[in-house]
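The following pair of complexes shares a single chain, chain A, combined with chain B in the former and chain C in the latter.
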Partner chain A sequence: MPDPAVFGALVVGLVQLALTLAVAPLLLGITKRVKARLQYRQGPPLLQPYRDLAKWWAKQPVESDAASPLTGAAPAIVLAAVVVATLLVPIVGARPPLAGWGDLLVVVGLMALARFVFALSALDAGSAFGGMGSSREVAIATLIEPALLLALTGAALAAGSTDLGRIATLGVAAGGAWYTPPLLLAAGAFAIVAVAETGHEPVDNPDTHLELTMIHEAMMLEASGPRLAILMYAAELKLVLVAGLFAAVFLPVGIALDLTPLSLLVAIAAALAKLIGAAVILGVLDASLAKLRILALPGLLATASIVAAVGLATRLWLPA
Partner chain B sequence: MAEPLEARGAASVASGQASAAARNGAVEPVAPDALGPRVADTVAAGGRFVMLVGLDERSVGGDGLAVEAIAAGPDGGLIRLRAGLPLAEPSYRSISSLVPAAHWDEREAKDLLGIVPVGHPDPRRLVLHERWPRGYHPLRKDAAADVRPPDAARHLVSFEVHGEGVYQLPVGPIHAGVIEPGHFRFSAIGERVLHLDARLGFVHRGLEKLVEGHSFAGALPIVERACGVCTVTHALAYSQAVETLTGTAVPPRARWARVLVAELERLYNHVGDLGNICAGIGFQPAVSRLGWLKERLVRANDALTGHRYLTGVVAPGGLVADLDPAGLAALPETLDAIGVELASAVRSIVRSEGVMARFHGTGVVSDHVAEALGALGVAARASGLGHDLRRDRPYAAYDELDVGLVTASTGDVAARFHVRAQEAHESLRLIREAVGRLPAGPIDTPLAAVPAAGESALGAVEGPRGASWVWLRAGADATVDRLRLRSASFANWPVVAAAVPGNLVPDFPLINKSFELCYACSDR
Partner chain C sequence: MLFATVLGGAGVPLLATIGVLLAVSALAALAPRTRLNPRALSLSLAGLACIALVVLGATVIASGSPVAASAGDVLGFAPIDVRYDPLGGLFLVALGVAGLASSLFAVGYTTHDGPGVDRTAAAYPVFLASLALVFGADDAFAFLLAWELMALSSALLVVGRRPSAEVARAGYVYLVLTHLATAALIVAFAILASAAGSTSFGAFGRAAASLSPAVRDIVFVLVLVGFGTKAGAIPLHVWLPRAHPVAPSHVSALMSGVMIKAGIYGIVRFGLEILGPGPEWWGLVVLGIGVASAVLGVLYALMEHDLKRLLAFHSIENIGIILIGVGIALLASADGVTALGALALTAALFHTLNHALFKSLLFLAAGSIQSAVGSRDLNALGGLARAMPVTALAFGIGAAAISGLPPLNGFASEWLTFQGLIGAGGEAGLSLVARSGALLAVAGLGLTAALAVACFVKATGMGFLGLPRSPRAAEARETATSMGVAMAGLAAACIGVGIAAGPVSGVIGGISRGTLGGTSPTAGVFAPVVGIGALYAAGPLAVVVLAVAGVVWFVGVRRRTARRAPTWTCGNVPEAAFEYTATSYAKLIRLYYGPVLRPEREIAVELHPGTPFPRTVHYRGEVRHVIDERLYAPLHRASVAAAQLVRRIQSGSLQAYLAYAVVALVVLLLVAR
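Moving on to the complex of A and B:
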């Protein structure tokens, strides 16, 4: 009989891994469905994203003549980075599956790695759209990352640690007392960043057919077959990662602190509810907002940075 | 928000039914090199360039080619200048260098008839792309119609800007969405467009060659189907040309019914286009609302005429069939409901700050540029030009109607949006009036006479995108010898290309949709 604590951690870890991997395409289905219903449309079936993945997986990829071996390797690197980052976030249990292997800085770093490799692979095909999408993605990333780090730093200061497991544990334990004004400001900043990071309105339109306005989609235009399936799946999983990160830090309620079956069930239900809630909100945003002019995006993301910075300043200089 | 609009209802031109000859203008023979200066003089005096028609005279007793330039004088009368050109060396001094509005017309005549405009600022091919064999000019009477270009792909010659940091962005002809084909070559620095080169012609079907030799009735379905959303416009312009040629007077019920369907066509196009503009910025609530409104309108079309897009309604001599009584009875109530809903939808768009921030100042066309390039319809009126054929050259029963002229001065996406919204309401009003004044009586009349071979006439209709002109020459026994359809889209595409430089690359779909031009009726 192994050590119960190790066994329990293993179970929670496997549950989170299975849950996040399985639910990612469903969230996209929910977002699309919500958007469609708000437009008086029926919308695609909820399970359509799974079918799309299976369809692309079975297709033969077409590769640009200009492509280097990077094009073949990039989807795997992007997906691996996102999967590992997800495993560092406490989504079900307060101890993330890869607890001890990295803190929130590593998560942000892995997201940056995924973005970097993805942008490189989009350039690799040598087509104008990939380059255009990459340049936009990287330009926006330089604004997203500071805001993301500032927002997460606010939470890390509240917990006195950059360890996500510890932040979530303290957050659950504190209950309503967790929501100090500085933390709420950080949550607001993170919410703006989350919309930009996952590529939804008013920053990017995930369903657009207008090539010239695309950001994320433009980078995917040259991907096909299994590579498209992997990149698409990585994008779906990224929503789980961003929503999970938000939930772990700013909405930790429900996360399992112990390993009883009951708390585990509650934790699974809470995690599902949070993820689905995020998908619904993104669907509502997509259905109700117009896209911002691309030169107005720095303003939006700078706002997020400023809100997060004000949150930090409030915590540092005002008495607790 | 400042209201950039003036909607004023001026008195209609009470000219009555001008005689066919006066409406048509007389053909004046000129020397080939005099075409440009003569057209330029007319434009300088306050007239406008209308169209250019390349001709092969061999079918009507001549021995060479000819080119006819048509301009509207300041008083609205047509000036038709025709220059004969020897078959061996069919060239004349280009009009475009003096009158830029003739730019595409001259390139098209060069492709289709081999008539060379010497000194043209852009001598590239227009409709028959680079891969077509040299020397093949399908509209020459001795050219076979079934020639296909070799499959060998040859690159389009594009106009590109080069320099430090400038990159080329080729878009299309196949797009990510289900839209018509066009190749857009952007030269951009960062997100800023320096130059846009629009290449169309990918859906050139040779319709003008196809109609040659058909009877007047047989050519109608082809002309009408040049484009799916301008069917009334093209069928009516063609019918007018046939009626002028044959001296046919259309009965009153048909004249009023033509107003009715022409305004229905404008209405569903404008409503749909307002939604399409919002699609250009991904503003889904408006796309859905206006999409549903457009659907209700095309269903009303169906109830009235048996066709959602009003095909097979207008024919030379009157109408194909009378309007459905039940559809006609239901129309006013439907339109009232749609008017309320349209006003509400437009209000919600105008009140959305994020939307209007994208509209204002985007894709500006100055009145000077619009006039020089010969912009038509909404594209012209949004830049402050008061051109509207329903007032300037009334047809059908418009001479008995007081059509309100809607203009705006800013020339941007917002201006084109507002002009469309206001014109949609004006169309609603005109439709109600036409329903109320629709007289009883016959819906058509036989064509009065068979025109002499070689006789030519024009028809013109203010369609949803502006003035579409049909130039028609009769062959023997009431057949089509030569037909040219110059759609409003054809005239306006160069204006789109001029509206884009200085704007951002991702603003192009918005600018493009604020014009919402057809490719099919431009390429033919």
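Moving on to the complex of A and C:
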């Protein structure tokens, strides 16, 4: 009989792994469905993203004759970085599956790794579209990252640690007292950043194939077959990652502190509810907002940075 | 044998060996070209000396006890004393590793400057020796001697033997600024020496405590100006992007990788150890300089399409990141928060070591490209990954490391720097201003990291991916084996140090605590111990990422062979002109950060006579450097104007000069009465 604590942590970790991997395409289905219904369209079936992945998986890939081995390696590295980052975030249990292996800075670092490799591989085919998407992605990321780090710093200061497991644990234990004004400001900033990071309106349109407006789609225009499936799946999983990160830090309610079957069931239900909620909100945003001009994005994302900075200032200068 | 003598407690024979090796190496470089190939001999001896430097540095760090030696009073007025403590030992290790790779690289790296013996090559071993001496000098005279030797030998290497006008000008700017810096140091040392009654650094440390706060502040500012210039910190950086790119690549690697760290060494040695702890504003100033250098350095790097100038601006960025750590360490030691100080100093020193590794690697790879293609203009490269796989992979690893991506070494030290900043923000022992400054720096460092990713996607993508943009790039072949081995070694070091970040930061943590005054480690606010282990497990994480990527690649990519076809270009035949260039890639960033970068562009269209159809279109774009224009241009104009004024009393007549001397003497006597 193994040590119950280790066994329990293993079970929670596996539950989170299975849940996040399985639910990722569904979230995209929900977003598309919500968007379609708000536009008085029928929309694709909820399970369409799974069928798309299966379809691409079965096809033979075509790659550019200018491509280097990076074109093949990049999808694998991008997906691996996102998968491992997801395993560092406490989504179901307060101890994330890879507890102690990385804090919130490591999650941000792994997201940067995925972006670096993806943006680089977009240049491999020598296509103008790849360069377009890649240069936009890295430029917008420079607006995202300061706001993202400031928002997360707010949470780290609230918990006295950058350890996500510790932040979630304290957050759940504090109950309503967790949601102080500085934390809510940080949450607001993170929400803006999350929309930009996952590539939804008003920053990017995930459905567009009009070359002048594409960002994420332009970067994988040259990908096909299983590679396209891998990149698409990585994008879907990234939504789980970002929404899970938001939930763990700014809405930790429901995360399991102990390992009883009941609290585990509650935690799974809470995690599902939060993820689906995020997908619905993104669908509403996609349907109701127009895409901002790319030159107007600094305004939007600087707002996020300023909101996060105000949150930090309130924490420091206005003692509760 | 070497190990035995060192471990026996005497590093002195090792020091002597290093001295002899480098002296013979310098002599060999002067020898006429025979079948022996004196150039290779000189470089091999330099490489051996670098191995000895690593051994010496590692021994000092491992044993924790300094190695001291004295060459006696050879100058006739001051002793040449050296004393390598663990702090100096760390810089020696960085020097040795970067120097070994650079020497090895240089064997295969040919500088196309005509027949005959290039005697300036003799400056290379002298440069190595002077760097080694800077990190161990224990006396102001010995230090200044090494410092000056370092400046002169590197300047000689920058200009080479047949400099073009541009190169000569770069060398001139470098010499002028480095001497202004030395002047500031001489004044600082003079103040300390008169208080201490001795020129030894040990006496400086004991005397510093007795200085009045105002004098101590003055000394600190002088030290900061002197060492900050050498480090290339903004606004004292102007020499760096001029001098580094024009030097031969193995020299650029050492200048960017190690020499500018001599400035960091000086700031740490003097600001923290000899003068410190000082008031809080010292830390705030250094923190501010750090953030400004980091953000502006990487923004200007993004605007470059000359690969080596781009890398030179990244050196400014990384010096900024290091100074952020040093600034927090100064703040923490000002307020007596020793655990935080040790954490931040560890971050700074770790990043110093890491930058020595990946920046040397990137400069060597740039040299490899230059010798294969004959150009370092990113807009003339492209598609080199297939022809030059070793260089491409090495550059890619260096690019990922400098961009601060896990699990490479750059991420580990940036992670520690972030921990220092967030820790300072949450530290109740610091003033609110200091805490706010640290939290603002979080945004600055985050911005820097994201901009660095953008810049290195650009550099790597434009250099190695896509279609070749020039005929020479299309014909490029992989360069000499020795160059490949040197790059591969440094790339392996970036990976190895990244994965062993826990133990390495533990060792550096010990050095930091020793430098800050040997307090026992107490639990910090954010990192339970000074080190990484508790919150970032680099090794296991790297294994998991690689394992997942490997599985995905195996089932998703390798299983299905791809059909190869031309890139879709809307029905046209693909050609390089369709691709994004380095300039267009950075356009969005140029516009986003326009208020800082102030880009200018000019488009001149010439029409076919009598038609509305363009015949030629000329595009010219430029980014104005604020500091060059707003600070140095007025200074330059003012100094020229002052020189014009002084010229009025320059009659050229001997009698007039004698009269000036008499007047000056009388005035001095009256003043000093």
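Observations on the model:
Note that the second predicted complex is superposed on the first by the 320 of 320 C-alpha atoms of A that agree within 3 Å, B and C clash if a C-alpha of one lies under 4 Å from a C-alpha of the other, contacts with A are read in each partner's own complex, and residues count from 1 in each chain.
Definition applied: a contact is a pair of C-beta atoms (placed from the backbone, for glycine too) under 8 Å apart; a residue touches a chain by one contact, two chains touch by 3 or more.
Note that the structure is predicted; figures quoted are calculated from it, not measured.
Chain A is touched at more residues by one of its partners, and among chain B and chain C that partner is C. Once the two complexes are laid over each other on the shared chain, residue contacts for A:128 go to chain B and to chain C alike.
Once the two complexes are laid over each other on the shared chain, residue contacts for A:289 go to chain B alone; chain C is not touched. Of the two partner chains placed by superposition, only chain C is touched by A:161; chain B is not. Legend: residue contacts after superposition of the two complexes on their common chain; A:201 is shown touching chain B, with no touch to chain C.
Overlap of the chain B and chain C contact sets on chain A: residues 128, 131-132, 136, 221, 294-295.
By the touch criterion stated above, chain A contacts chain B in their complex at residues 35, 38-41, 128-129, 131-132, 136, 201-202, 205, 208-213, 221, 286-296.
Chain contact summary for the complex, chain B toward chain A: residues 167-171, 175-179, 191, 278, 280-285, 287-288, 292, 352, 354-355, 357-358, 504-509. For chain C in complex with chain A, the touching residues are 382-383, 385-386, 392, 396, 400, 403-406, 411, 415, 418-419, 422, 425-426, 432, 435-436, 439-440, 442-447, 449-451, 453-454, 456-458, 460-462, 464-467, 525-526, 534-537, 540-541, 544-550, 552-553, 556-569, 574, 576, 578-580, 584-589, 591-592. Residues 57, 60-70, 72-73, 75-77, 79-81, 83-84, 87, 98, 100-103, 105-106, 109-110, 112-113, 115-116, 119-120, 123-128, 130-132, 134-136, 138-150, 153, 156-157, 160-163, 221-222, 225-227, 229-230, 294-295, 297-298, 305, 309, 312-313, 316-317 of chain A are the ones touching chain C in the complex.
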